[in-house]
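Below is one structure, written out as structure tokens; the observations come after it.
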Amino acid sequence: MSTETIIKAAEAARAAIVANESEIEHLDRAIGDGDHFINIRRGADTIIALAPELDGKTPSEALKAIAMKLMSTIGGASGPLISSFFLAASKTEGIDAPWTAETVARLTEDGVAAIQKRGKAGLGHKTMLDVLIPVAEALKAGAAAGEDAAALGARVVETAAAGKDSTRDLTAHYGRAAFLGERAIGTVDPGAMSSYVIIRAIVEAR
Amino acid sequence: MSTETIIKAAEAARAAIVANESEIEHLDRAIGDGDHFINIRRGADTIIALAPELDGKTPSEALKAIAMKLMSTIGGASGPLISSFFLAASKTEGIDAPWTAETVARLTEDGVAAIQKRGKAGLGHKTMLDVLIPVAEALKAGAAAGEDAAALGARVVETAAAGKDSTRDLTAHYGRAAFLGERAIGTVDPGAMSSYVIIRAIVEAR
Amino acid sequence: MKKLINAADAVLAESLAGFGKAHADLVEVSQEPRYVIRRGGGRPGKVALVSGGGSGHEPMHAGFVGTGMLDAACPGEVFTSPTPDQMIVAAEAVDGGAGTLFIVKNYAGDVMNFEMAAEMLDGESATILTNDDVAVESSTHSQGRRGVAATVIVEKIVGAAAERGDDLAALKALGDRVNAASGTMGVALSSCTVPAAGRPTFDLGPDEIEMGVGIHGEPGRRRETIRPVDALVEDMFRAIQKEIAPEGEVLLLVNGMGGTPLLELYLVYEAVAKLCAKEGLTIARSLVGNYCTSLEMQGCSVTLTKLDAEMKTLWDAPVHTAALRW
Amino acid sequence: MKKLINAADAVLAESLAGFGKAHADLVEVSQEPRYVIRRGGGRPGKVALVSGGGSGHEPMHAGFVGTGMLDAACPGEVFTSPTPDQMIVAAEAVDGGAGTLFIVKNYAGDVMNFEMAAEMLDGESATILTNDDVAVESSTHSQGRRGVAATVIVEKIVGAAAERGDDLAALKALGDRVNAASGTMGVALSSCTVPAAGRPTFDLGPDEIEMGVGIHGEPGRRRETIRPVDALVEDMFRAIQKEIAPEGEVLLLVNGMGGTPLLELYLVYEAVAKLCAKEGLTIARSLVGNYCTSLEMQGCSVTLTKLDAEMKTLWDAPVHTAALRW
């Protein structure tokens, strides 16, 4: 059931990535090397293609298999970051029990912490973390407060959008955009954009 | 006096080449490699730059000096052909006596024969010879008939124009345009065009 | 997009297959996972040199696999870092029991993927991060400078030292030293086009150039109007000079970005040579050609490496790879 | 036009100066008249190999001057044949008393200029005319086929034979044999721009290619829409096959026109290799890279040479030039 959730989320993510191709590609062409769209689409495709193998696996097994597979297929900067997310999530406490809002909040928190550890970036560095860190916090707070699913979903999407927008006025400290210095100001970070788009799609698909 | 004539002719030729730059270049870009304009302008410049050295030389000495200098400056297909023309002309019978219409006809005939010998092409092969061979014949006939200078000049220009136009419907057998086969049909040969332009300018400058 | 390819997603596999056939005497190619190793694999007792990075920079790195240079190279998708599994399998295939030295260009993706490989690899390993691109002032970012063409010089010199039997720690120190002694600055006259993207990575006006461009088409210091090459090269030279303060003998690498005629690269060499003469620098060694490219980009980079006696000896040591041989 | 140059009319002089400095251990460069000779000049008793042609095809020919290949090269202006005075002075500078062998690509200008040089030169000489371009059917013109990339193969093989002491007549016969055993077909994805002209030699639409293009941007067989490289290469292969009917062992040269990424050239290699396998041909020797270029043109040419045992031995013989070394 929760493994199905993962596949369903990946399918929603893929559709959202494709629907926002030109926007994501445009941003990485502007302040990166133009391949972010391709990298994350490859990631989503990989998870979906893995579905038959995941059948019957526990969430921890499925998340770990996904992590290993993503690690060897995405490449680039996003590959290690995204696969670190899944690897950490596979070890999240209670991941094999039925999922609650708290489970989702916890796996997100663990996953985002792993991304920070791997990439050494933090809030305000104009990366995907400017979306992911606030989203993890919103999930945690909402779950703790027992917020209902619809309200929590809306808040998460809003938080992701704000995080994404916040990258526009920043200079980058990590990733290719960092080499641009001041010239990166005015352009949203592609990884932040794709994270927002994916999160929104997953929330909406729920 | 006749050495001065040569310089004067070169100056007229240069002006005509420059005035027809785009046309000549266009043709060599279409059926050659685009440099014919540059090559012949370099030739005219070379003769003009040589003027001080030619001062006081006999026509045979001057024509030979020009031939040797052109041989080492023009290059390409036109270099050997044009310098062969001047080398043969320098040896033309009676070249150091005061020039008459017959002298001009003879030196042209000798020069054109040398071009044929060097390049192995003949009439109808879509080269500069489609202008030069008929012009040499017209000069010879006119001089033999004692035609007056103005009439002869007009006939020469007319002959050159017709020769140039005749290359339009031909396929080439020599030079780069030969590699084009049927595709060369419809485009005037650049060497024929430049020969026409130069001959017209020299006649008009007389 | 016009390219000599069959399909964007088959580019790497087919090109690598051709590379393997064209240089079957020198290398072995694996497609799954993707890597290129020296024919016959590891040499017992020798530190294994493993590099890699996104494709599109050919001959770097696969063209430098062979005697006296790399033991293995891991090509990623075009402009996308390879993945840890490639690096691990390649490193195991060339393991000589003396440890693995990774040579990695300083990009977030490459750094993280090689880091994961190093963590997962059994046996000792060390990593040299090249970061010779002086285009972007390092103060503005935490990632540090980009690794570009000096990587070739590091791979050649460290490769020679590995061949003579230096140990892992010595090689790591040597590589860091060569990298620190090197500075590179690039300029683009046109963009490159990533096959999977299908259109140019950036757009330049008919008279515009990108000064300080990265080898993935990343923007550099500024967009400006083209000037005579002497003026462009002077700016590039000064930027390098400021960072590495060369004196005495240098190695000069004039590197084509992929779409620049050799005629122009030698002209650039002449421009740099004039400046070196003016500054009292001796070009003791040099290399001119396409070594660290950016697909079909027109432009070039200039690299200066301050040379010492050991580096010269190692530079001159025999090398036998697809792209460098003496 | 964007180029790494100072002024169109200084391109050749400055590039040649840079070439001379970058390869001072191998060559000597003269600017007035323009030529490049092996460092130290002629070898007594050895036939002197002299080539040349318009510039813009680098590394051809100056990049092939050195041990085991050319003794001298005469560069003309870009895409314009050099002149007899250059050839005569160069030939004299490398004269070893055993005669001069001119290697000339079959273009009206080159043929006539070298012919004049041969006529004026004291001492014995012979000329090999290369005409390997199968793009244009030879029946349609009296000039015969163009000489293109197989010239590199002729220069390498004849150069090795000259080095071992073959006489003028034997070298001439060998060169003619290699040339006759070779066929080349090129394709352009983009035009080149002659610096003095300042704009592209020809115009191609966004999806158009020129099949059978010449190395000066001369039109070829047809203008067509780009297709997958396997299909393009099949046409090129068939055109060559029709002319030289290869069987057994061949040498394969996949030559970049100047603006093509190496990634694509190896992909082309793979496409040719698949066809060779299908036709029962063995690629016994090969070369992939930019050897006979057309400034920054994107595209490539494929050359096949039918090999015999002697040619293979001579191909494998040591060569030490700026562009080829083994």
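We just call them A, B, C and D in the order they show up, numbering each chain from 1.
Heads up, the rule we're going with is that contacts are C-beta pairs under 8 Å (C-beta built on N, C-alpha and C of every residue); 3 or more make two chains touch, one makes a residue touch a chain.
Given the structure is predicted, the values throughout are model-derived calculations rather than measurements.
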Set of chains adjacent to chain C and to chain D: none
Euclidean distance of C-alpha centroids - chain A vs chain D, Å: 54
Length of the line joining the C-alpha centres of chain A and chain C, rounded to whole Å: 32
Chain A and chain B, separation of their C-alpha mean positions in angstrom: 75
Interchain centroid distance [CA atoms averaged], chain B/chain C, Å: 54
Per-residue multi-chain contacts in chain D, two or more chains: 78
Chain contact topology (line, ring, star, complete or other): line
Pairs of chains in contact (touch as defined earlier), listed by label: A-C, B-D, C-D
Residues of chain C defined as touching chain A within the complex: 33, 54, 76-86, 107-109, 112-113, 115-116, 135-137, 140-143, 146, 194, 196-197, 201-202, 214, 216-219
Residues of chain C that touch chain D when the two form their complex: 2-7, 11, 14-19, 21-22, 55-56, 58-59, 63, 78, 187, 189-190, 206-207, 209, 226, 228-230, 232, 254, 258-271, 273, 283, 286, 288, 290, 293, 295-296, 298-300, 325-326
Chain A residues within the chain C interface of the complex: 25, 29, 31-35, 38-39, 71-81, 118-121, 125, 171-176, 178-183
